[in-house]
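Note that the chains take the letters A, B and C in the order they are written out, and that residue 1 is the start of every chain.
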Amino acid sequence: MWLELALIAIVFLGIVILGNSRLATTIQLFALQSFILSATPLLVHPGPHAVIMAIATVLLKVILMPSLLFWAIRHVSIRREDQPLVGYGKTLLLGGFLTAVAFLISSRLDLPVREASNLLVPSAFSIIMIGFLLLVSRLKAITQVIGYLVMENGIFLFALLLLEKTPLLVEMGILLDIFVGTLVMGIIINHINQEFGSANTANLTSLRD
Amino acid sequence: MGTGIVLHIGTIMILSPLLLGIIAKTKAFFAGRWGPPLLQAYYDIWKLFRKGNVYSTTTTWIFQAAPAVGLATVLVSSVLMPLGGLKAPLSFWGDILLFVCFYGLARFLTIIASLDTGSSFEGMGASREAVFSCLAEVVLFLDLIILALLSGKLVLSQMLKGDASSSWHLAGPAFLLMGLSYFMVLLAENARIPVDDPATHLELTMVHEVMVLDHSGWDLAYILYGSAVKLFVLGGVLVNVLVPSHGLSPSMQTGVFLGGMVLLALGIGVVESCMARLRLNRVPLLLIGAFVLALIGVLVVLLKGV
Amino acid sequence: MELFLLLSLPLLMAALVFAMPQDGLRKPVLLSTASIHLSATAALWQGPRDVHFNAFLGFDALSHLVLNIISILFFAVAVYLTGHLKEKRKRSNRILTGCLLCLLSAMTLVTMSRHMGLLWIAIAVTTLLSAPLINYYRTGASIEATWKYLLISSLGIALGLLGTLFLAVSATSLKTIFLEDILANAASLSPSWLKLSAIFLLVGYGTKMGLAPMHAWKPDAYGEAPAPVGALMSGALTGCAFLAVFRVAQICFHAHLQEFISPVFILLGVLSLGIAAVFIIGQKDFSRMLGYSSVEHMGILVLGLGLGGGAIWASLFHMVNNAFAKGLIFLAAGNLYRHFNTRKIEGIRGAIHTVPATGIFLVLGLLVITGFPPFGIFYSELLILKAALATGRYVVIFFYLLFLSVIFFGYARIILDMALGKPDNADVAAPKEDLFMVAPLVILALVLVFTGVFVPGPLYGLINEASALLGGG
């Protein structure tokens, strides 16, 4: 039951991120979502492996990455996403629709693995789709990065299915990789700020054929 | 049987204005004030009853009839809802539709009464109310659908039986989602922050307040009292679902229910104190969010049932 | 020992380079590491083809092939940089050299991964390391290119991770995703999950390769990156990405999913060729043109994979030749940029007259890339055509020939203009051609001769073995 509550809380936070326009709030929501996410390995398959994963996730996704993102936007004066490509109401509805699609797909899938809860795969897919929607429908660089990170959260959820079988090394590698990715993205956002004075990727349209 | 009915109706009629008092006290506490006394709503209603009415010459009988009919619908709908251990005096198959439609009727009357005044001020409120209620009503229906799917019945009192809340471990996520979206609808329907500010009279920020601006005397009393009963009943549905009271004796269940209502009032007070009213173009976003949550709740229930 | 020299030494040297305070000492470090890496790679020719160091790391014929490409290209780039970084630059070259060394290690890791998860990690690391390299000049355009590259590649990589997870789900009975285990037990994998996994892995690693429709980052990134970085990316990184795609094909072929995956490969290939053809005509920027050219050649590579049989051999042969030819052109383009100070095609005229060495090698490289005989690319494109004829795919043949002709037409105009046109007022103050920046051109041209025209026996045998992994001849 706790696992399912956690999964639903994660999806709920994903929907809230979709409807939010303030940059700082989205980063905090992501941190909260990652915090609940870090508890899920312990609920699926408790053990030393899960504890290490939980601690690593908290360290990287709850503490380090949000601090990195806050550092990246410290010089940005406009802290709101005013003009996304898709309006907020439509984004929310699309998010709900994509969640429905995710539930539909997962009910048709035939898993050879025994799963801890039949909400696991649908919520994983819906978070992946919500992250993807966030990535493609927003113009501010930070929101795009958060979309990518939310997608990675969803993939993490899906990987919980295989918790017992994945070597710890590989999972650590994946987490570290995402962290370094965020680091590089943060640095580039800084450069965007310096060069263009704002973190709006609508400025980044000069290269085209 | 007879005492049960009297007790039920009496509880609702007598205790509902107390909720408004609790909310006001909570907000005052957060603001560092003492605030109005708990029974302030009663004093207000009593004061209004003793005053006379003033009717504008542009209004018709609709304006005079709307408050009374509105109160009547709310009181009748309250008869459909159980209060914890106290059974609902009236229940039949499909009564949730009647329940929701009563509120639709009350809303309709309020809107046309405000249009009846011929003032653009009230008309503005009416249009805002119409938009918000379009979205809120859909969410309300979805939430009730979740409850119907979970309990397998279309009778309000059976959907809200203690069993519903005891099956948290089976249907926890669905309850969580339903609770969240229902709470948002509750705030919207009862003109609470963040949807509407019940304490303001500024044009920019009113929705419900502006619709009833022209009423006076006992019409206003009906409206105030009606809003209290509406809050009690709609909140009561939520408390019935969320507060676990399975396995207790009926009187204990009612006691727990009333305790839950107090907690709900406190919760509303806290939310009102911690948030500001949303900009008008953001309120539909809140309701769409509630819609999406309810939708996901339905999906979760369907998935579990499969 | 080889593990250390190939994997860990570059990392150690990278740490050294990052820690060094002056710019001047970094070039020797880069060059020496590149040389050591090259010798270690050359030494591997002696030993057996299939080596397993532990469960996670090992070589097979394909790994050797790609490793050689990486090593030789990196060496050429290191020599080039020794000349390129000589002049005083406003910016320190710490990030450039450091990231390049880490990139070498990461690419080596890609070739050596025997675990699909480790492969993913290695590819993801190469993406992250190449992003700062693209942004070397820190102009608005290069920031834009870097951002697009980072975002699109990260998205692709995330999908690739999902594909890897699906692969693990399909392999639940095996409990691992080591390549050996999967290939040995391919029949017991759940087919629906395997198909799903193959699609996601193809999209993910295809984004890294630059296949259409995931190619959007390529022209921008190649257009804005400094020439040596472009050379490395278009030759070595694409080789690594192709290796990953090849592994996906290996898994599918062993699980008898050929009929499922081959049409996908062919579709991606033809689509890439088409997109490249459309955008090369009328292209005004030389480096962007090279980006689209890369899309074209990647398309040919997967087309070969999809056609099967002899076309697989052709793909691998094509990969080798393409890598070195692209390296040659990019480094030559670097010289041109230095001399003419622009990447626009109309700004570069009469290269043969003003920078003769570069001009000759530029023409040579472009001739190779367009598929002139007797160079290797002509041969591989012909082989693919032959394989398509053999399997009777006339629609594919039609589009293949159409797009190749259009591309050739586009190139020809550009080559002739740039090399033989009348030069604008010769700049007296333009820098003369530096030995270090011409030497790599010579090296790569020689390599091209040996990989294209006079193919030595061992190389031939290596490609044979590599294509045998997929059952090709």
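Note that in this section a residue touches a chain if its C-beta (ideal position, glycine included) is under 8 Å from a C-beta of that chain, and two chains touch if they have at least 3 such contacts.
These numbers come from a predicted model, not from an experiment.
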Two chains sharing the most contacts, counting C-beta pairs only: A-C
Chain centroid nearest the full-protein CA centroid: A
Centroid spacing, where centroids are CA-atom means, of chain A and chain C in whole angstrom: 31
Distance between the centres, which are taken as Cα means, of chain C and chain B, whole angstrom: 65
Centre distance in Å when chain A and chain B are each reduced to the mean of their C-alpha atoms: 36
Sites on chain B at which at least two other chains make contact: none
Complex contact set, residues of chain B against chain A: 168-169, 172-173, 176-177, 180, 284-285, 288-289, 291-293, 295-296, 299-300, 302-304, 306
Residues of chain C defined as touching chain A within the complex: 115, 117-118, 120-121, 124-125, 127-128, 131-132, 135, 138-141, 143-148, 150-151, 154-155, 158, 161-162, 165, 168-170, 172-173, 175-176, 190, 192-193, 219-220, 223-224, 279, 283, 288
Chain A - residues contacting chain C, complex: 110-113, 128, 132, 135, 141, 144, 148, 151-152, 155, 158-159, 161-162, 165-167, 170, 173-174, 177, 180-181, 184-185, 187-188, 191-192, 195-196, 201, 203-207, 209
Footprint of chain B on chain A - complex, ascending: 1, 4-5, 7-9, 11-12, 15-16, 19, 88-89, 92-93, 95-96, 99-100, 103, 106-107, 118-119, 122, 126
